[in-house]
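Several structures are given next for inspection.
In what comes next, chain A is part of two complexes: it sits with chain B in the first one and with chain C in the second one.
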Partner chain A sequence: MSVWRFLARRLVASLFVLAGVSVLIFCLARVIPGDPARIALGPNAEREQVEAMRHELWLDRPLAEQYVRFVGGALRGDLGISLYNHRPVMETIRRTLPVTVELILAAAVLTALIGVPMGIVAARWRDGAIDNITRLISLLGAAAPSFVWAILLMLGFAYTLQIFPIAGRLSEAMHAPPSVTGLLLVDCVIAGQWAVLGDGLRHICLPALALSLSGIAQIARMTRANMVEVYDSAHIELARAFAFSEASMALKYALRPALIPTLTLFGLQIAALLGNAFLVEAVFGYPGIAQFGVQAILQKDLNGIVGCVLVIAAAFLAANVAVDLAVAFVDPRIRLGARRG
Partner chain B sequence: MSDAMLSVEDVHLRVRRFEGVHHILKGVSFAVQAGERLAIVGESGCGKSLTARVLLGLLDRKRIDISGVARFNGTDLLGLAPAAWRGVRGRRIAMIFQDPSTALNPVFTIGDQLRTVIRRGQGVTRAEADGQALAMLEAVAIPDPARVLAAYPFQLSGGLAQRVLIAMALVNRPELIVADEPGTALDVTVQEQTLRLMHRLTAERGAAVILITHNLGVVRRFAARICVMYGGSIVEQGGVDDIFARPAHPYTQALLRAVPRLTGAGLPEGIDGSVPDYLSPPSGCRFRPRCPRAIDACAVDQPLLEVGPGHQVACGRAA
Partner chain C sequence: MRGLFHITLAGLIAAGIATAPARAETVLRTEETAPGELDPARVSKYSDGMLAFNVYDALVLPGAGTAQIEPLLAESWTVEGQVYTFKLRPDAKFHSGNRVTADDVIFSLNRMATMGTGFSFLFRNRVETAEAVDARTVRFTLKSPFAPFLANMARLPILDSKLVMANKKDGQYGAFGDYGQEWLMAHDAGSGAYRIESHNPQELSVMVKNKDYVLGVPDAAPDVVRLRYGLDAATIRAMISRGELDIASQWMAPEVKRALSSQPGMRLVNEYGLGQFYIQMNTKKAPLDDVHCRRALAYAFDYNAALSLLTINKTTVAGKPSRGPLPDGAMGADPNAPVFAQDMDKARAEQAQCKYKAADSKLEISWIAVVAIEERFGLIMQQSFAALGYPSDVVRLPYPLYTDRASKAETTPHFSQIYVNSITPDPDAVIYNMYHSQVAGTWQATSWLLNPEVDALLDKGRNTVDPAARATIYNDVRQKIIDLQPTIYGFQNVALFVARDTVDIPALQDPAKMRHVNAANFMFRQMLMK
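And then the complex of A and B:
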């Protein structure tokens, strides 16, 4: 019913955004200085070779024509050949994107599972120990970006204490199970390879934690602020006046209204995770899309840049549609289409 | 007084804030007999809603000092441990909230909220609570109770939501109902209907009612006795007819002159000035700065003195 209409409307809107992003990044990649053919062939290449390559890449055609050809290919799942690793961009994305998605999902789960309970406890026992710890973490989270945390966590837990592996996705001795979902941890569960699952989990802990720290702090603060506000509302006073239990107020009657703004913030957090994942992956030598993306930018690999940006934009849009659906699920006023006066 | 169902004696309420201590309730005393209907009347900020919240233990005692006694069938509510409140709230004393648009949780159905009220109050099974919820909504004259149970608050009109609040207050058959300006947020005709319904249902069940209101017109029809409150003290109390016919306190007299009338000449008269500042209130009678008849003797605290049978006033000019 109305949820499906809502979903359809959001998906159509997302397609328009994606089309806009594709025009923008396609033009931007070509406007920034530096000749991709010259960079790819090196300073010693002959002029004729460079010209031939420019022709081969359609760089000597008008921008509009190049774009139309690109869209034609993209619709068939062909994003062109990368100038950096000379393989189809789509293939590289298919290989590296799941790794990054898995890292971001892990960070998002950590953010939700640590941030929300922290906020609830901080609001319930205002100015208590947990409240002060959340304050400290949010200060630290705001003071240092995630790649700094990545380095600090790596130094502390991987280098000094040696509790976690330093880098990479899996240990040398481990072999990934056949890809079903592309998400290593899920594939391990499907294949029943528990040793590999354990190794994968150990490898993902530090990067996911580094990535999620600032989000945890923000979600905790937001949840706390909303919970405090809801605790002061008339309907919680009514709940008290009718002897509702403290637990049911904290986990149900106050939490649900308080979660609505938190969920919206969560959508924005996912955008931040996508950006920060590049840096965290670089620190931990994580085989995600970051390595390819960074090289594509440095090498002015046009197809690589456009492909990476489009995939990230699509992931961001999908995450936001998911968050909107979650908000609609939690808030009946949105789900049932209330006209608010 | 000792046989009263509820007797409130010399309750003081002080709020500590950054700028100092606000002494809001000053020696509030009144009693309610079983099945009685008492109205507490006063302008906004006189402490009447706070009095209601004291009776249900809804105030944060860490920030708010409350002293005095509020004896309800033998137990002192002000000394009640948090766990002991469970047996009282919603079960023996229930409150009807003022604004149905904010008092119901916006993201849960009416059925969920009403059922929780019933289950917390009576400890019955879910099915039993469902049955009671349906029957109670029928009792408050809601035409389609099953639909209302499945609805969210925003899907109900104000009048319907207010009836749900009444249903919540009545469903566990409490002995005392504290009605905090019910229906004030609604338009006048709906408010009238709401009050009539509340009146009928509480009379049927023999529950005592404390009706908190600033509307004297409402009081005359729905209460037997009135406490007039000003600046955190009860300045006059007595039977409805006595108060309307022979108001003894200058504030009560001014309040009655401020009621708009359809018949008779002249506009209602306002009262000059505003409610006292609770941070540094005037000594003695708190109405003194606004009172046309104040004398020096009013600067000391005025006890409630009998001026007629069951009619008492706290005024320096009454003696």
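And then the complex of A and C:
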């Protein structure tokens, strides 16, 4: 079986999972107590208006019929109108998802760039001062949830020291470049607007750091533990006997096998970042999908709930497939095993 | 020679004016809950009202410091029975430059009534005919007498019909397409003191001063207003402390308001006379179907304990004692009526006349899930009622479940906590929706009063045009309702806003300038930047 077939199989499986999620969330959203038409129209709406809206939303039809209609719309890219903000759900997702994706990518980059080197350094000088400091940082990172870090970072670096802005994605005086990718920082690079890029980076620093701290802690601990284990193995002893350099041993012979569980954990971290982003976005007034998602649930916005959950599920599945591919790339046993199969 | 001197002097002055540095643009920054609905037909929340009162104008405006109506786009009006004739200002223009005409008024009313959203219930099924007598005169003939019609007109923002129709898309309203709904979600078609520069309902609205505004905008009013949505409490706190916000919304916790208002450069401003906190008693459920039990429980409630939860500091409380169904200042309210206060002797005396034994009746006290302070009010009720021997459960209900349960008398809890704010300056908007049999089972009318005498008085209040006669009717209905005691009148709501000293807000600082309608005190043209 080639890597491509492996990928195709994972994608098909993901589609089945997505279909399952859609059925589940479609039904669950309709089980939440309260009449969505009544909530959408407001407390003073007349009975016939509520009935007319129920009809318009197909809420007076059997659940199966509603689902088939929903799937038909979803396949055409139409997730219906949000009962909360009265705009097409797809339009809101299209506008807010890239903001969240950008934040998550920034957090993921920080997680990888800080977490993995921390683990390597701690393993290389295990039980020394550096290892102890790294363990302490990891412990702190894992001990508090992201939103607590978000508030602490905001109070420390934005409010007290005034190094970073408190909230938002850009300063008042800055204007975002025309949207090409939806990712502000990338769009700034494309448009060559370096001042806006700098401002955007200043705004994303604290939310991305708050979001990544728990991941950094876990990745560092996982990398350290695996590296320590690998350092004790026979092939490292052999490498030492051949007088390979410390750097070569660490990066070529110890890190690579130690990275496989780390990568799997990284995939799970991406999913956790999606969840935590809801709270971090709220603290930093970051205009991502979080606020819409939370309000959709509170206001029983059926289309909004289903749309948000499906998008998050799809992002989660995509992250997992990407991690599977990365693991296959790093671990020749999986890659070659796939070919032999 | 003297002539030459004068010419030279005039030239120097003119040059001085020409080269004087331009006044820096003033920006007012404030925040509210998301989303901010810009389409006037979808206005319902405070944030929507803030947009509507600034971007759009109505024919009339709730009076400042009174229950009277002030002219706005209409310079005058006459009421003859069921016929209301408004004369428009000759110089009023929309932001597009189009003149405001009678056709625009009719279009705006029809649009609101047809769409059936927001405040459309104020206008639906009321108007028999609407005609443009001429470009500046519009005449409405009502189907039946309806005195609140004039006050309700304050909630009908007038749209630039030509601009809206030029931007309509295909839709469900025949020749009107989508009635411009999609376009109006992000653009304005108003004539107000501010026009929309950009609008994202989840994040931010930017409004800029309309220099051609018909009533003029003072120079000291903010040039730009940035209204942010959905900020977290911790973020608001940090932003206002650092000067990145000028006014914080009323929705922050009392302890945060207390902390912020004690900081230098910040103060509390308030808005009252708009609404009250009511505890509705389900009069169709034992033991609350006996008026003596209801009175006993109303006397037993610890009003001071409830107010103590709203205390910000020694001088400021986010509430004041209530005098009955109508807030102070409303037509029919009596400023000298006694306030409701705990009196256990009277409570026991009323309980003695009740046909039910307290210990036999378990009471269900509900609170709405997202309004945390209601749980504490619920616990105060539990403790107060226990003093009479009533066992009770305090039950948390998500709002959708609450509205479901409120739709039937048998499922409505014994006690429901509601905040009711004035959406128009007419008492009808408050008490009709709380007590008339027509509305029983809605979120406000959970007392299920169903009293023909009250219904008749409320109908009479609607049908009587003469203001003096109406005031007497609403005074009568107020007393009748107090006598029936379907409600515990918790307190009059005082909305408190933390504001920086960078802005003067006369409407929230001087009772004589306060308008007793939701969001009407946030007309930015009446705020002055320092």
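Remarks
The rule is simple: the second predicted complex is superposed on the first by the 336 of 341 C-alpha atoms of A that agree within 3 Å, B and C clash if a C-alpha of one lies under 4 Å from a C-alpha of the other, contacts with A are read in each partner's own complex, and residues count from 1 in each chain.
As a convention for this text, a contact is a pair of C-beta atoms (placed from the backbone, for glycine too) under 8 Å apart; a residue touches a chain by one contact, two chains touch by 3 or more.
Just so you know, these numbers come straight off a predicted model, no measurement behind them.
Annotation for the three-chain superposition on chain A: chain B and chain C fit side by side. Applying the stated contact rule after C-alpha superposition, one finds that A:V330 touches chain B and leaves chain C untouched. In the superposition on chain A, A:P287 makes contact with chain C only, not with chain B.
In the superposed model, A:F242 lies in contact with chain B only, and not with chain C.
Computed from Cα centres after superposition, the angle at chain A between chain B and chain C reads 160 degrees (steps of 10).
In the superposed pair of complexes, A:P257 makes contact with chain B only, with no contact to chain C.
Residue contacts after overlaying the shared chain place A:H86 against chain C, while chain B stays out of touching range. Look at A:S233: by the touch rule set out above, it reaches chain B but stays clear of chain C. Considering which of chain B and chain C touches more of chain A, the answer is C. Overlay on chain A (Cα): least separation between chain B and chain C is 48 Å. In the superposition on chain A, none of the residues of chain A is touched both by chain B in one structure and by chain C in the other.
Of all the residues in chain A, the ones that touch chain C in their complex are 32-36, 38-39, 41-46, 49, 52, 84-87, 92, 96, 151, 154-155, 158-159, 162, 166-167, 172, 282-285, 287, 291-292, 295, 298, 300.
Chain contact summary for the complex, chain B toward chain A: residues 56, 58, 85-86, 88-91, 94-95, 97-99, 102-109, 116-117, 120-121, 152, 154-155, 165, 168. Across the complex, chain A is touched by residues 27, 34-35, 37, 39, 42, 44, 116-119, 121, 124, 181, 185, 200-203, 226, 228, 230-232, 234-235, 238-239, 241-242, 244, 370, 398-401, 403-404, 433, 442-444 of chain C.
Residues 233-235, 237-245, 248, 252-253, 256-257, 260, 330-333, 336, 338, 340 of chain A are the ones that touch chain B when the two sit in their complex.
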